[in-house]
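Next, two complexes with chain A in common: one pairs it with chain B, the other with chain C.
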Partner chain A sequence: MSHEGEQDRYVGRSVRNLGQDAFVSGVAKYTSDFQFPDQLHMHVVRSPHAHARIRRVDLSGARKVAGVVLAMEGQEAAQLLDPVPHYIDPVGFGGKTVPIRCLAVDKVWHYGQPVAVVVAEDKRTARYAASRVQVDYEPLPAVLDAAEAVQPGAPVVVPGWADNSIMALPFANGDVAQAFERADRVVRTTVRIHRFSTQPIETRVYNAVPDPETHGLTFYGTSQNPHPLRHVLARALRIPENLIRIIAPAVGGAFGMKMHGHPEEALVCLLALRTQKPVKWVEDREECLLIGAREQVHEMELALTKDGEILGLRDRALANTGAPSACPGWGMAFLTGLTMPGPYKVQDIDVLMNIVVTNKPSWNASRGYGKEATALALELAIDQAAREMGLDPVEMRIRNFVPKDAFPYDSPTGLIYDSGDYAGAVRKAMEALGYAEWRQRREESRQALGFGASAKVAGGGVVGAAAPGAAGGAKLIGIGLAYELTPEGGAIPGTMVAGYDSSTVRVGPDGSVTLLTGVTTPGTGNPTGMAQIVADELGVEVETIRVVQGDTTTCPYGFGNYSGRSTIVGGGAAALAAREVREKILTVAAALLGVDKATVTMDRGVIRSSAAPEKTLSLPEAAYACYTRAYDIGLAITPPLEAQATFRPGLIRHSPDAKGRINPYPSYSNAAYATVCEVDLETGQVKLLKFAAAHDCGKVINPILVEGQACGAISFGIGGMLNEEIRFDANGKQLTGSFVDYVMPRALDVPAIAVAHHDSPNPVTYLGLKGAGEAGVGGSAAAVVNAVNDALLPLGVSINDLPVTAPRVWAAIQAAKDAARPAERPAAATREVA
Partner chain B sequence: MSANLEELVEDSVLLQCRVNGKACEREIQPGTSLLDFLRDELRLTGTHMGCMTGHCGACTVMLDGQVAKSCITLAATVQRRQITTIEGLKGADGKLSPVQQAFWDEAGFQCAFCAPGMLLAATELLRDNPDPSEDDIRRAIAGNLCRCTGYQSIVRAVKAAARVQRSAG
Partner chain C sequence: MSLHPQYARPRSAAQAVALLDGLGAGAMVIAGGQELMPHVNYGRLMPAVYVDIGGLPELRGIAEADGAVAIGALTVHRDVQSSELVRAKLPLLAWAAGQVGGGWQVHNRGTIGGNLVSMHPLYDIVPPLLALGAEVEILSTAGTRRVALSGLIAETSHGLGTTTLLTRVLVRPTSPSTGWSYQKLKITEGSYGSANAAAVVALDGNRVTAARLVMGAVAERPIDASAALKGLLGRPFDARAAAEAEAACAALVVQPMDDQQGDAGWRRAMAGVVARRALAQAVARAGGAAG
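== the complex of A and B ==
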């Protein structure tokens, strides 16, 4: 350990002086910025049908275009490429699998599926020539809805499968029937989560450069996981891994989308090898929008006491994962079930997650990785119960949380939660929000519209009726709270989703420090955090450290970024490696100073001995001696000044317990999210006035970066609920094709966010880290929906069919008005608006 | 029907303009976007492609001092105009501008793919309004999408840059 006092350490401070201005001066190099001599460009021909048989692909028109080098369809590609190995094969979970081809063979099973490729000397020619590829399709009946897909007689998406279910997984524990018998009240809520997407501002870009010397290639690409991608490409291309080098340059946001399995990855490599020229592909936004996620329906049932204690939970869930893919997206639905019942202590649960394929485009991993859906389903159901029973949603949550003295805690699905203080985080978030003041303002907004203090929903009935003043831009205020438990740092046995990672610390003869690590950065700042760790452990100035990531040739074997893991495992490994290197330096320094090693320390690159305080050594002096005095004073160490270490966090358990369950996570970050909204009763517009979060990511390495992660995730949740939605027509053609239709939050849409830290250190990770990158999408999304429903409370309506866009909110308000006029409408007007 | 793309488009156009203060003269295809011209012809890759529909703002440049979306601007329409890209934002001394420095200090970016556009939008704002309110700042960057930060640190950075500029000015 470093000897310095806490105040001298880099860890815990908002370090910004990593000495690189590339990102603000336009010289940072992203994949698309690489241009090679004789560069060719690929364009992909995609299916206009959701489901169709391919009768014939005619490439002759494209081949006639001047500047076209090559055109290829699925039959030929299938001869040249093996199927793309699944990132996570459903077979490992007892599910159904299918080989994934890069170009469709015989039939297409989703809109936008690659059918052919054209390679040309420039991108305009490639695009033009692609338009001249003629494909003769025989359209087939498509199934788009998961509930329809599981009906007998539904069109089967995958030839040879008996039905459309990848698998139906139970997550059950205890005696649920008995819990429901004991209950004073059962509240049923159907939560419909729509399809939305991460949409980093940089789309996917791949650049394959053949190497005529080795017959291999170098792949420059937007990749979160270069080493595992190399394995996948080697298998698809039928060449050994050691002929492929993957370089992931600066990445313009990833959020899971740049995890691999995409057909274009292997295609550019194949085409580069065939043409022996560099081949580049830049995804356009319409293509990027094909990659969706998150669409699930949860039929939630809570068994409750009259005080709001949850005795039992039933959930029948359907996930619409789109057509099969080699990407890891489908696994999100598994995590949704596994993370039930989140932060709540109820042990009697019966969850059945049916993971379904349809003729929509495939999912890929999306920040939250299914845990956002757990939070949405649970938090909307709890608020529905609080509304129906007239309970306080804050108190109801606190009553049901796993208490802070119960950790490590065995969840009913077999997870082992490391640590937390959920009630404490809720209190902190509500304080940061200014709860008391907003309650007052909510009451005023209600009274102004004639909804007095008595305006409450009691026993499921509507008390408040639309007042005369409730028109003409009248506004109601709502307050929403939600909690999210986010298992992070996952490890799935038998897959390249590994729990551990490796880092190398290298000190050159000049004393300069290089950290090479197997974790990568999508732009989150993890290199700064890891440099802070190395600076403290080694005893050097953080500015002297250079971090190298995203290169399969120079970096230790690693698994990249996902699951909020990078600083936990990359940073933990870097700390272990730095300690080893430090020992070598101090050993040689002690010999140079002629003192006992136990008396020697290094601080900010200056080496001192308490035995001879008048003498100092610089790190460059000691480092040079380590390299050049291997046969005298350096005999006690093994040169060079370099160490590689692996951090393998504890708590992960892959040997099944008595009930056959594993714990794939070492770390359970968690947070409370609270927001205030204003709903315009005339237009249905929702405006957020304030947002607060209290976040437990364990030890905070760099507050400014951690808060940046939290605010980014909150913006995802806000956008996902208020505007973002991927829509299809009745035949399965995707209607959402640009940022005109896919509306992500802009600066004016996101309110001021107050982030409070409420850390409880993880006992099994370096410094107690928990991970900060994955968390926050579902909790913030649920807080937004709960706030909208709280605003609508006096009207007696609620929306659990997402997103809560203005048209849906407007429709709910109209339904409430109609219900308030019993003469014009049947009495059975639904309270919950679909 | 011709299968040759070159025959389908008109003759090339001679484009003369100034980019980051330097005179520039190139033959271009009339359909070339300003974004492609900057990136592919001049190799100024700090200007980024995010959507090609003018919505994300990653391609923002300045045209005669006003921010513009280069992906929906035809290069042939910028004859004799002054173009400033992110590469032209540093001072003559090679130091970061106060806006760039503030974005670095306040972590006004994460992946930084949107940063060039944000920096130009903020630079234009602070040139015209040295003491902007939070709402002014949010309006000024409303044409630029950021997917990483939730905008909090960007707003903070623009405020910090405004403070530095005022105290220097």
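== the complex of A and C ==
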């Protein structure tokens, strides 16, 4: 390093987000801002049935509408388009597969499935004409529930499949039967995780613009993974990849939902090629809400010693992934199983994850990518055990963590955890929360209602007493803690989920610096983080660096953003490329200064030599010489001032071990989440009073960006547990169609969040990075549920059936009142309040 | 229904109703647009003609008339909240107008007339106006008629039909000695209400002499519970009276709403909770002991 000291480096500092003024001032160009001459608009006709045979599609009514250019149904689309290749084909894991058509052929298997498309000169005409498409359906029995879907005789979603299971994956290790035999206590908890998703401010938007010169096209779309999408489109459209250019402009959030495999991607391209005009499609909110995620049921069993040490873990899990899709959503359930048992050292585990299709709309990837479900299942089960056994949930976790001196640590599912200090993070989070003070206030809230420290639990008693005051009902305070281990930077063999990525650093003859990278940004600030890395490695001012992403023609081949990977691999690659370019600059600069290269350094774009301190050289002077003096002093370098590098992190192991297991992750970010809630016993309303997190994302490049990501994830977790739910009627029609029903938290619903950093650097990544963009949904969600159950503890009830909405909490309180007869009190109710 | 709608901007309310009379069902009145435009943007409504009354000054503003406070139909929520006259004479309405969801944008655009004619069960303005015994003026080509708001709500399920305009809301001021309250229960800051209640209470000493209470957001129509609360009269509003009122109000919710703002059982129970809370606060404001 050429730098004087750490304080001069950009890495580690809260550098202002580069290019942020464009977003703040409203000039940033989002995908739907792109307009093209003669642009047409696509509207998708969707199935009103969860499961039906298509007898006939009549497009004539739509074709008669003035302004309609083209209408197409599934049979014709199947002639013109090949199936969309799976992002992750279940066949690679020994599962069942099915070709995915963009428009339904012969039958529909979920509500909202695309059946036909209409293209018209404007959006309203396309929508109106779509309402004139007549489809004759023969409804079929639908299966909506995963437990029903795996019963013998259940309707089969995919023709030709023997049953509805994509695969049932065991994650087993050690001697679980023996662990349960040894146990002092077995605690069983059924955790039901509901269907909730991610709702970016900007929905999906695709613009396909044909190129009559090449017979190819340019696709301006909300894509997290432009190069892999190009591959998929090329195969579906039956044209070579080099005729397709993908440009992924600024997006208003992605969260996994904008990973590809969606039918509209190839459809828009097909229609542009057929009409030879630009075609635009903007997803509406109702369509966006069709994309599901996360719906799982876990039957958890913990074998415990009387001190709360976990000896064994059993989990029978069912994931309801909806109808088959080419998107990578189903893989979330695989990750849920693989990440068991999270941060805990128990080695004797028996997890069976059954990944099931139903007649609900399909999943796509959703922030957490299944690891949030691991955290929810584990953390709710551990709190249930702590409640039933009268143990302190903080101490119980600390007792069971993988200790900080055990890394690299071999997990019972074959993962290799790089580093961590889980107990340290918990202590830091509880301190940031103000645990001691909140314990006191919790005790006061219990005392005020007659649940004193020495009093046996009173059941109903004061609960629901009609206090004449208007200020609200009696309230109980609860404290919740949860941990989340989030493997990041994943690489799945044989798929475009690659562990590595590439970046190019280019210095122009004027000294300006451009970073082109294969990783993309969903708005997380990763270009700023990567620019900080390049600024330090190169020795230039960070504001002078321009970052180019999301263009398959100009950027190096890359895999985009997912799995908290962008700064790890894009930044790591940028560092390697920057070093190479810096060597070229310093070589020429040394020649210009007439000094030994070893004495030359560059800092903030100024080149100096310790051998000739009186002389300086600017980066533009040196750069111009590099470009223009290739036959004298530049002979020692290879012009131009450009280098491309790939960062391929270690620890990933794709050759199976003796038990046939692989480790697809280089990096194991982790964090403790803690919160305090107040439950209104009259209404069941939950108000969060405080939130704290202690986060280990390895080396922190930019604290404010990391904290922004953490606060975002925490808001996801809060909203997902307290309000957000995608619901269906008994026939499988989706009821949740707008933000009236899918209620996301607003700023006033999110309490003050204290984020502490608790870094343990990853030994196998550049600077020790672990990834910070994904983690936190499951840990924060579980902390919220645990806090609510802690508040309800004096009543002897708990809720592991999510979400914990006010009506559900109220119903649990009513159940406690009904069960107030002493003989029928549950075991937990006999516990004295600590 | 039309892909190519026409736009009309009448110069007076009389012109507007004449136009509506001639156009029939395809015409739709637009004022603040807070109710209509989301439907249009989603393709659920495609008016053939927009009759824009937004610029008619005669329909906007707040004044005293015939011993009542007269509020023009185009008066926006923000003006209702901030009007000195409304705050002094109808504090319940001023406060409830501030509880309308959607933030400043909706408060600055949404009109009191639009809020009423939308007949939306989750909206905030009807329950307080019913509790205050408001009347409305309706203009048609046949002239102006004045009806109780409660009657209007009872007689049509779709606002006013297609040929009339709601022009004014008239509310008699509440006596300064009466207490009032509007309680709105929301599952988040950004959500619609799950239950709300508007109360107006008068006391003699600490005995309740009059109580009006209207619940909203718990059933398809607002529920006027005043008659069911006769048992409160002549007594102090103590814990027992509060419990009775809560039970009586919940029992009136025969067909509770059941949606993502909350299931039916909870909605019914919450109707009782907000009713009790509203009564208690109104009693306290009237100088009673409950607080």
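Here is the rule we use: the second predicted complex is superposed on the first by the 795 of 834 C-alpha atoms of A that agree within 3 Å, B and C clash if a C-alpha of one lies under 4 Å from a C-alpha of the other, contacts with A are read in each partner's own complex, and residues count from 1 in each chain.
Criterion: a residue touches a chain if its C-beta (ideal position, glycine included) is under 8 Å from a C-beta of that chain, and two chains touch if they have at least 3 such contacts.
Just so we're clear, the structure is a prediction, and the values are computed from it rather than from any experiment.
In the superposed model, A:307 makes contact with neither chain B nor chain C. Of the two partner chains placed by superposition, only chain C is touched by A:805; chain B is not.
After overlaying the two complexes on the shared chain, residue contacts for A:746 are found with chain B and with chain C alike.
Touching more residues of chain A than its counterpart among chain B and chain C is B.
Of the two partner chains placed around the shared chain by superposition, neither chain B nor chain C is touched by A:106.
When the shared chain is aligned, chain B comes close enough to touch A:714, but chain C does not. Touch criterion not met for A:510: it reaches neither chain B nor chain C.
Contacts of A:727 after superposition: chain C is touched, whereas chain B is not reached. In the superposed pair of complexes, A:583 makes contact with neither chain B nor chain C.
Once the two complexes are laid over each other on the shared chain, residue contacts for A:175 go to neither chain B nor chain C. When the two complexes are superposed on chain A, the residues of chain A that touch both chain B and chain C are 65, 67, 124-125, 128, 284, 739-740, 744-748. Those residues of chain A that touch chain B in the complex are listed here as 14, 16, 21, 23-30, 32-33, 35, 61, 64-67, 124-125, 128-129, 132, 198-203, 250-255, 282, 284-285, 522-525, 704-705, 707-709, 711-716, 738-740, 744-748, 750, 752-753.
By the touch criterion stated above, chain B contacts chain A in their complex at residues 3-6, 8, 29, 31, 39-40, 43-53, 55-56, 58, 85-87, 89-90, 96, 100-101, 103-107, 109-116, 119, 134, 137-139, 141-155. Residues of chain A that touch chain C in their complex: 65, 67, 124-125, 127-128, 131, 284, 286, 465-470, 472-473, 682-685, 722-723, 725, 727, 735-736, 739-749, 805-807, 810-811.
Per the touch definition, chain C reaches chain A in the complex via residues 3, 42-43, 46, 181, 183, 185, 187-192, 194, 237-239, 241-243, 246, 259-260, 262-263, 265-266, 269-270, 273, 276-278, 280-281, 283-284, 290-291.
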